[in-house]
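Read from first to last, the chains carry the letters A, B and C; within each, the first residue is number 1.
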Amino acid sequence: MKRASVFILAILACASGATGTEAPISSDTASCLECHNTLNPGIVADWKKSRMSKVTPRSAKDLPQIERRVSYDALPDSLAGVVVGCAECHTMNSQKHQDRFDHNGFQVHVVVTPENCAACHPLERTQYTRNLMSHAYGNLQNNALYRDLVKSVVGTQSFSGAKTTLNDPDPLSLADACLQCHGTVVRVKGTRTQKTDYGDMTFPLLSGWPNQGSGRVNPDGSKGSCSTCHARHQFAIETARKPHTCSQCHKGPDVPAFKVYEVSKHGNLYSSLGGSWAYDSVPWTIGKDITAPTCATCHISMMVSGEGEVLSQRTHQMSDRLPWRLFGLVYAHPHPKSPDTTIIRNKAGLQLPTELTGEPVPEYLIGVKEQKKRRKAMEKICLSCHSQGWVDGHFARLENTIKKTNEMTLTATQVLFSAWEKGVAKGPSEKDSIFNEGIEKKWVEGWLFFANSTRFSSAMMGADYGVFANGRWYMSKNIQEMIDWVETQSRKK
Amino acid sequence: MKRASVFILAILACASGATGTEAPISSDTASCLECHNTLNPGIVADWKKSRMSKVTPRSAKDLPQIERRVSYDALPDSLAGVVVGCAECHTMNSQKHQDRFDHNGFQVHVVVTPENCAACHPLERTQYTRNLMSHAYGNLQNNALYRDLVKSVVGTQSFSGAKTTLNDPDPLSLADACLQCHGTVVRVKGTRTQKTDYGDMTFPLLSGWPNQGSGRVNPDGSKGSCSTCHARHQFAIETARKPHTCSQCHKGPDVPAFKVYEVSKHGNLYSSLGGSWAYDSVPWTIGKDITAPTCATCHISMMVSGEGEVLSQRTHQMSDRLPWRLFGLVYAHPHPKSPDTTIIRNKAGLQLPTELTGEPVPEYLIGVKEQKKRRKAMEKICLSCHSQGWVDGHFARLENTIKKTNEMTLTATQVLFSAWEKGVAKGPSEKDSIFNEGIEKKWVEGWLFFANSTRFSSAMMGADYGVFANGRWYMSKNIQEMIDWVETQSRKK
Amino acid sequence: MKRASVFILAILACASGATGTEAPISSDTASCLECHNTLNPGIVADWKKSRMSKVTPRSAKDLPQIERRVSYDALPDSLAGVVVGCAECHTMNSQKHQDRFDHNGFQVHVVVTPENCAACHPLERTQYTRNLMSHAYGNLQNNALYRDLVKSVVGTQSFSGAKTTLNDPDPLSLADACLQCHGTVVRVKGTRTQKTDYGDMTFPLLSGWPNQGSGRVNPDGSKGSCSTCHARHQFAIETARKPHTCSQCHKGPDVPAFKVYEVSKHGNLYSSLGGSWAYDSVPWTIGKDITAPTCATCHISMMVSGEGEVLSQRTHQMSDRLPWRLFGLVYAHPHPKSPDTTIIRNKAGLQLPTELTGEPVPEYLIGVKEQKKRRKAMEKICLSCHSQGWVDGHFARLENTIKKTNEMTLTATQVLFSAWEKGVAKGPSEKDSIFNEGIEKKWVEGWLFFANSTRFSSAMMGADYGVFANGRWYMSKNIQEMIDWVETQSRKK
């Protein structure tokens, strides 16, 4: 079956008429399409709409630097003179892939990884390795404290004798829950044979699959998944630039960034006027292409002014415009230096960037100078549409809100300490989980939901998420409920 | 006033210029338009934008089978040679309608029913009668247990002597609450006379009106409302195919299908790229018209491949691609055989598809063979864009999540049983409602909100709805709060 | 630097090619653009897309009355013959602005206020002064009871000796929370000097800035901010007419108008078909421009029929189609007569439009006659697409729901009274806040979240917001939890 399919080539060349030139599809990809055009028509049609199917990596570099979407120095031979199709990604470097299998004479791998994409996009791959998101699996599962939190959420409970027992979470539930976003470990656990129109075929049987989590641990040893944001098989930059992509993992009560954006003035303008904006131009021009930012504008994209001035460089290390980690664990704090946060130890020996009483653990966190640099980088975007006075006022409020929400978290933590001291709940000194009892769950909501929501609201001006929509109202009420809980339990003893 | 209005005909013919031919409006409809064009300009303008106002049912059949939007064999005389306008629907079979009234010489009925639509769409009507949704009124109100749940929600409470009394819900509140989606019973309760520019006019006075619930009981005895999804008076297939229609009843914490979809990759692509998709082509082509599914794609629509292969048949019996009823009552279970679920009795005599301890009641539910058939039907859609290995992995997780959430519901139920046994809450053995006390309401939230959300999240890959957004976090916390409740109440005795 | 920039004028004239004529930009504005086109490219590009940058106020009046977007009688000299650019707004009446500063020879003010906009839009300004929203700052902060509620939400809590102390809220937190929507007081607190490419420059340092709250108290003494809804610097009427603008302040659990709209049939049609509607035509034609209403359609805009009949007059006094104030404080009630609600006193001396037991305080509220008039005004819009029978049925349900939710609030209030009487919580007779204890916070949620949500759901037919999505389910459960709270606390004494 490994032969050029002139017929399909012709069809595809017509399909790519938008470019006015024949799309030089490789003979390998043409072979794939011969069957998969029928087997998976949605994938193929989607890919045909992609820029990948129409532009060769070579011509993608024949552009002024500022207009390039590729960052390679040298191109692998396999990509010379052809567009990027099935075979280019799914057979590239297969020898490094545990998930490779022989398929009609090709060595195909199921899971396309950042290392594959790096053939054309090496800079983005490298930046992404420095991104917290690429370590999302390990940062959760290799941190004893967070693993205990995961267990308290995903583990089932059995009831017996007026008490519940918390069971260890099973792998399928983990993959279905936290690891959907954090990423699974994709491993080959065997093979499966499938009857097909072309006879019996054998494929690798994967555990942790499907998954497109941002910190997926891949069968070639790499971390992450470009398709988390650059959805297959159209890979439209428009998708990555629109906020709905981010909302997949950043909308829940623990990290309500998208919800806050939606009710901000920026989000309002995106929803109201965004239908007429341009999302696929490179470079992306403030005011011309868009008149209010999406998530990507402030956090990731290269932005230019109408006069062509570069206001911000494209980055896939997404915290480099962020001085603070608002998403508090347990308290908001300066961003960690290393994307691998499992190396952090506070004075109590916990893998936490702050003490339980809020003091940051400075040796693992960026300093004031780096914070200032990051804020300046962010302000450059703000100043496109706002004056310095406006921006100063905004950040003064955000920094105050970080301080105040940390104070409220400390108060909630002190109430929890009092519960442990009175013996109405069991804490670290009894070697008990700090996440399993009623009051401990309230405490978690205090910082994970309510303080976080209040800070996100402040950062992006989504008013009610700092008040009644999981904000200060709940932070305040939660402390009263914790007080009531301790009082009631103490009375019972 | 019953005469052809040549003037209006001429105007309307121009308005329908898109088709290039004169719209043959019936003289009856022209009579309606003569006044209602002024009285209700929004309705008329909306209808003018509809396909109904431009295409005759006859020409709608003059198409290849796969492109047809009508399913009739023979057409009533009243629809021969004209487009479908006011009179065609609102005077059709009026003799069967209790809500008919004499109106300028016409026998008009207010409520257009599936029986009226069946003149052109009989297959869809018949499929819909087999759909759980068409029985949504009776399945709620003629089930003693669910009626008691409804009372606990909609009935007001009075306070006296440190206790509350729960009052029966009043009809207007019922229509405003549960029955907005489930459907009201629309009855003629009298007549009302209205001063109009054309003199006094008399109209039927309806109870249960307005309503477009999916299980509405109509004045002609039929069940359901096509306008639930096919909104009047444009009846755009685009509306029915977009997920916002489904969201009207499937977004709340009890059935968060739309919310989960929104944060799934499918929903992200709909939100990001859907502005350029085609929603009104019949047949609907995967990859060409759309590059990710909406609700209709997977659950209702006829889908074809770019090569014209029919991947799924159109259905208005919407569970026939669904092996499981995720929406657990109290536990997730195989779909019921009959759309009338009031016939079900479990061993305890409750109208529930499972025991309170989770075992399904097999005689009323579909078997494994039918489940497999339904899953295969659904998989056919998945496989358009995903490999078999991907699909197998997905469904393995879903079935595991069904099992685990059912286990968590059993644990919560055992805690409730313990409360009843200890006498701190009153249950069935005291002939008390199982929905009225604090701990019982927590128990309801355990399955109705949290276990359901977790399952929907798993089914459609909307990650956080299985974790922190009403998912496993709350399922877990809820059980601890139930334990605390029982302990506190027991101590008091 | 105060000179005409012929070069920029030429560029801008080209940029506004859509109109086919040269945009007569004032020489003052041209001076601004000379630097700010580089300094704030986003603002300038946004403004260039605006109608303001293309149409002179004079030509805006040269239209039939019904098509006008301006309402002035006489135009200030500064606006004669030029479009509205930077200088026209930011230097107009600067002598009245405390926030004015000398800037390259201009007297510039930072904050553009309704008094500035009133040069062309005096009618809208005047209507807005009668709108509750323009008094949103004072109505919150100058009402002792509401100020106490604000403190209970925004004030931090300190923990000591098993008790918490509630601290006064700090100004930055207030501005970040309630006042984001209600509006801050913008005051000049000093000056700041900034290094710029043009040398050191001095600007006023403002407190309460940035802010676009609807009741902002401005440095010229006026109240409100037109940019709350008419977002700078494009000021697109499309933005104000789309519901996302309203959602910025009307989406949270306290006032879930947008959420209810989203799941209503109206909202469904907006989401499904609204991409093809016309949002910038004046007048706005029902059926032709839109086939379902947005927020503005029912509450603000001038609507006409296809035959040109004016169905509703444009209003910026947004309650004049509203007989009831659904947003209950503590109970739903007829709308207040005066937009300044701080003048209201109930029998207990509280600044509340009802007694704590629900009876309205009639002398401050509109009477039945005015309520009927307002309902008629609203019905005129409904009747464009619905029959009188439909409309009557709808409002009967809404009025019933107002009554029933008020009854449920009374029940919750009686439970709270019993807690105060038993001494398990401290109330007014102990001169204690009625918002600071656990049960009091539950009581607040009963009316502020659940009864409100139920009423909004009824008013706009967003079903589940009256049932499980913060509606009747929670209203009912909340009362049981209050009962349990009182019982538990009483037992402890």
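Just so we're on the same page, contacts are C-beta pairs under 8 Å (C-beta built on N, C-alpha and C of every residue); 3 or more make two chains touch, one makes a residue touch a chain.
Everything numeric in this text was worked out from a predicted model, so none of it was measured.
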For this session: Please state whether the interface between chain A and chain B is built from the same residues or different ones, using more than half shared residue numbers as the mark of same.
Result: different
Problem set entry | Copy-to-copy rotation for chain A and chain C - C-alpha atoms, rounded to a multiple of 5° | 120
Exercise. Between chain A and chain B, what is the gap in Å from one C-alpha centre to the other?
Worked result: 34
Seminar exercise, completed: Residues of chain B that touch at least two other chains are 275, 488
Exercise. Inside the complex, what are the residues of chain C that reach chain B?
Worked result: 262-265, 267-269, 271-273, 275, 285-288, 291, 305-307, 309, 383-390, 392-394, 396-398, 400-401, 404, 407-408, 411, 414-415, 418, 457-458, 461-469, 471-473, 476-477, 479-481, 483-484, 486-488, 491
Exercise. Which residues, counting only chain B, touch chain C once they are in their complex?
Worked result: 37-46, 48-49, 110, 152-159, 162-164, 170, 172-173, 175-178, 180-181, 192, 194, 203-206, 209-210, 212, 231, 234, 236, 238-239, 242, 244-245, 247-249, 251-254, 275, 436-438, 441, 448-449, 485, 488, 492
